[in-house]
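Below you'll find the structures, each written out as structure tokens.
Next come two complexes built around chain A: one with chain B, the other with chain C.
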Partner chain A sequence: MSDTGTGVPPGGLRESPRLPDETVTSVGNPFESTPLPARAITFEVQGALALAPVINIERLYEAVPGTSSQMVRALEVLKHVIELLGEAKKSDNPIEADTLIQSANLALPKLFSYRSIGDGFGIVINSLHYAFTNLRGMPLTEEQLNVIWRVLRELRERPVLSVEQAVQCAEELEERGLEVDPPDLGDLLDEFSIGDK
Partner chain B sequence: MTDAYVETTILTDILLKPSTGKQQRAKAALARYENTLLPVYSIKEWKAGPLGKFAYVHNKLVQTKSLADTLKAVSALARGSYLQATSIEALAAAGERSKRQPRVFVGLGDSDKENADSYRLALESLIIRSWRRRRKITTRVVDELACYVEVSPRIGKDGLLDLKPQQCDRDQECCLAPKLRSEPEMLEALRNSIPENSGKAEHQRRRRALKQLIKHPRERVGSEVCRDLGDAIFAFFCPKNAVVLTTNLRDHEPLARSIGKEAEGP
Partner chain C sequence: MASPLTFDDFKPVSLTSEVRFKNAYLLFDRTGQILDDLSESFSEINTVMATPQQSAFVCAEGTFNLELGACRFASGQPNRDAKTFARNSKIFFDIVAGQLQIELFKRIGCRYVLRSEFKTEKESKEALASMMLANLKPTKRFNSSESPTEVLFRWEDATIGATVRLKAETTEIKMNVPIELQAHAPKVDKKIVGLTLDADYYTVAPVEREQWDAEEWLQQKIRIIDKEVDDIVRGGAR
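Right, the complex of A and B next:
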């Protein structure tokens, strides 16, 4: 895939996002990320956890200059991808929107490299990868863009989600017509005749 | 016929062959009927067969951490792999290439290990989703099996998928036995429809199981006999106003016809 027009420097996605001593955020450039701002602990009323302090994910995994935490880096890339998709949602220019979505898609391998966070995290990123692969370059519908944006926001809020929760995310993507499985799995089963009656 | 009695191959095409023509055809076939009936025997066969194969591949990926090595292992096990090139071997070759050359495979990542992880996670997700959907693809689930417990797939601490139990409770007699015994003529007709000289081991096992039921009706019917009856179960229990819906017409058609029933393809 060409990165022409996406603002993505060659090979750049393999690099780690910069850490908080850098201050510039650019939606068009996935290499630069916004430092995670230090935020106070907030109190929210949420069901059984009513009145319990809810620690914002950015506070919980606050980036420290020089840190190498996978979680911090994953959250930074996720933040950037969510911003790209957010911009795409707002855009009334379909070419610009699709270009932003392509940039977000290009960040998936980087996010997949953080799958040691958990299988749930890996399944969500993997499902998105196959969803884009199966689209074969076709642009996302508005509904599909919305669900991907929402799933990634949820992932950023709860990166250590269970396999069950991740599978639910995959099902939500499927409900919007996205095909989240590798296209060759059916062939694998057809050819794998060992144990057949 | 207004109803379809859904056989294992249709369930498999719908649940485990995502985004393929086979899945589309199977779904379209279900839409032809007013009522679609899924016997739990289909679920049992599906879990023991196709779903078990996917779990095997998943577990091999966990063990080898290599897509190329896993596909080679699968290829070595697949019937006839020594005599003819199969698409599995082609996939294995592609996996080999992915060790040296990034971006050949559609899995995420540049290395064979990353591709293996991508497929492992994809299989884990598909196995869980397909299990959740198994009872939702037809209008009704019928012929529950008292001797078979549908236990969800589990992932152990070692990362391996465990699908047990995949067979009926060995301590109980098959719950279908009383109904089968009550129709000896039907059992005889089903047995006669299977060629005596068939070279397929599956056919020979089915003939033996039917013979046991006919000749020794008081003998206990265990889980092995129930499994060996296989396709005969579908013809036997298919309601009169339904057809056996299957992609394996070669085996199901003679069985169904022998007792005045029909089998249809998607």
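Right, the complex of A and C next:
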């Protein structure tokens, strides 16, 4: 791999000598070396990258002691919530499972406070919040628990997901009978549809 | 032996963020749109170079470089508050990824160049030698200098990589002013003697666009670079 580039090579398109895999810089590269003839040939198999495993999210945003990163905190909370729901999935005791689910539900407002990560992130957390609220105390079905667990895992792997993908996640929740819109909004929409008739 | 130098002796020269991707041929159609979008967030953008395969724009905040398989943002006046730099990088990368429909980054990198100035090149070489980074006895090698004038380290696994380079060098800045303007603006001819510290942090494994928040990532990685480089300059005593 070559260094991270740093901008415009002096004198137009001509590349200044670089170390393999360096980030290119606009100030040129002070570290000159005799170029290897093989550098002119790039061996790259088209589509090979598609098979390479993408980076693990925990390696991408490593927790640095003494620093506070919103992303790192959000990933930690998401991990905790996923673990709680995972335990609930495995539990044979419905009361214990419900307690675990309620604990997971309590963490959602905290996740909502990290919504500046992205609009997609906010939509998914909002949808989950209303899905729980609209249950009005009724327990989740196994299918509903599975879909919530899956959506949260997806969110943890791709926290900067697009609005379109977040809407897809919300639709997945709806397909399992979870209502993801605010209760008042539902009433309002009903009123409008009555008014239309 | 502890190095007499500390990280605080190094002053920032440039800070660069870069993403690489599979050749995005939409660049042929959308460079103008990218420039338009950038104009909404950055004032007084000027085009330095515009070719089908590569374009460069400058504004007060820094330089934007756009290529078929990479783009980068560089700030020539980095301060150690990385927030503004990270935010500007995010705006740029979001626009480019959106316009060129890039879903996967082959590599993302952050490069920080700093310099500690000295009066003479001899002094800067002595400062580098005093850091004992290469762990070699000072003796003439290759019938050249006694101590290395450049030291390079690379750490890399399947996911993350980093290089740190130190070089005692003299940088020459020369700018020729057109003859008709020389009465108003004298030509620039300056030499800077110093020890250059060049740190590059990058990903080896591909990164999905939906995984990466440039603002968060860059701020975090600049802190990591600061911390690690500080330790290396102090002699790796951690």
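Remarks
Throughout what follows, the second predicted complex is superposed on the first by the 133 of 197 C-alpha atoms of A that agree within 3 Å, B and C clash if a C-alpha of one lies under 4 Å from a C-alpha of the other, contacts with A are read in each partner's own complex, and residues count from 1 in each chain.
In this section, a contact is a pair of C-beta atoms (placed from the backbone, for glycine too) under 8 Å apart; a residue touches a chain by one contact, two chains touch by 3 or more.
Nothing here was measured: the structure is a model prediction, and the numbers come from that model.
With both structures placed on the common chain, the touch criterion links A:166 to chain B but leaves chain C unconnected. When the two structures are aligned on the shared chain, A:134 is found in touch with chain B, with no touch to chain C.
By the document's definition of touching, neither partner reaches A:147: not chain B, not chain C. When the two structures are aligned on the shared chain, A:178 is found in touch with neither chain B nor chain C. When the shared chain is aligned, chain B comes close enough to touch A:126, but chain C does not. Contact with chain B, but none with chain C, is seen for A:112 once the two complexes are overlaid on the shared chain. The residues of chain C lying in touch with chain A in their complex are 13-14, 16-18, 22, 48-49, 51, 53-54, 56, 63, 65, 70, 72, 74, 76, 104, 106-107, 109-111, 113, 150, 152, 156, 159-161, 163, 165, 167, 169, 171, 196, 198, 200-213, 216-217, 219-220, 223-224, 227.
By the touch rule above, chain A contacts chain C in their complex via residues 1, 3-8, 12-13, 19, 21-27, 30-31, 49-50, 52-57, 59-62, 64, 67, 69-72, 117-118, 120, 157-162, 165. Across the complex, chain A is touched by residues 12, 16-20, 22-23, 49-50, 52-54, 57, 74, 77-80, 86-88, 91, 106-110, 114, 117-119, 121-126, 128-129, 132, 155, 201-202, 205, 230 of chain B. Taken in their complex, chain A has these residues touching chain B: 108-109, 112-113, 115, 119, 122-123, 125-127, 129-130, 133-134, 163-164, 166-167, 170-171, 174, 179-197.
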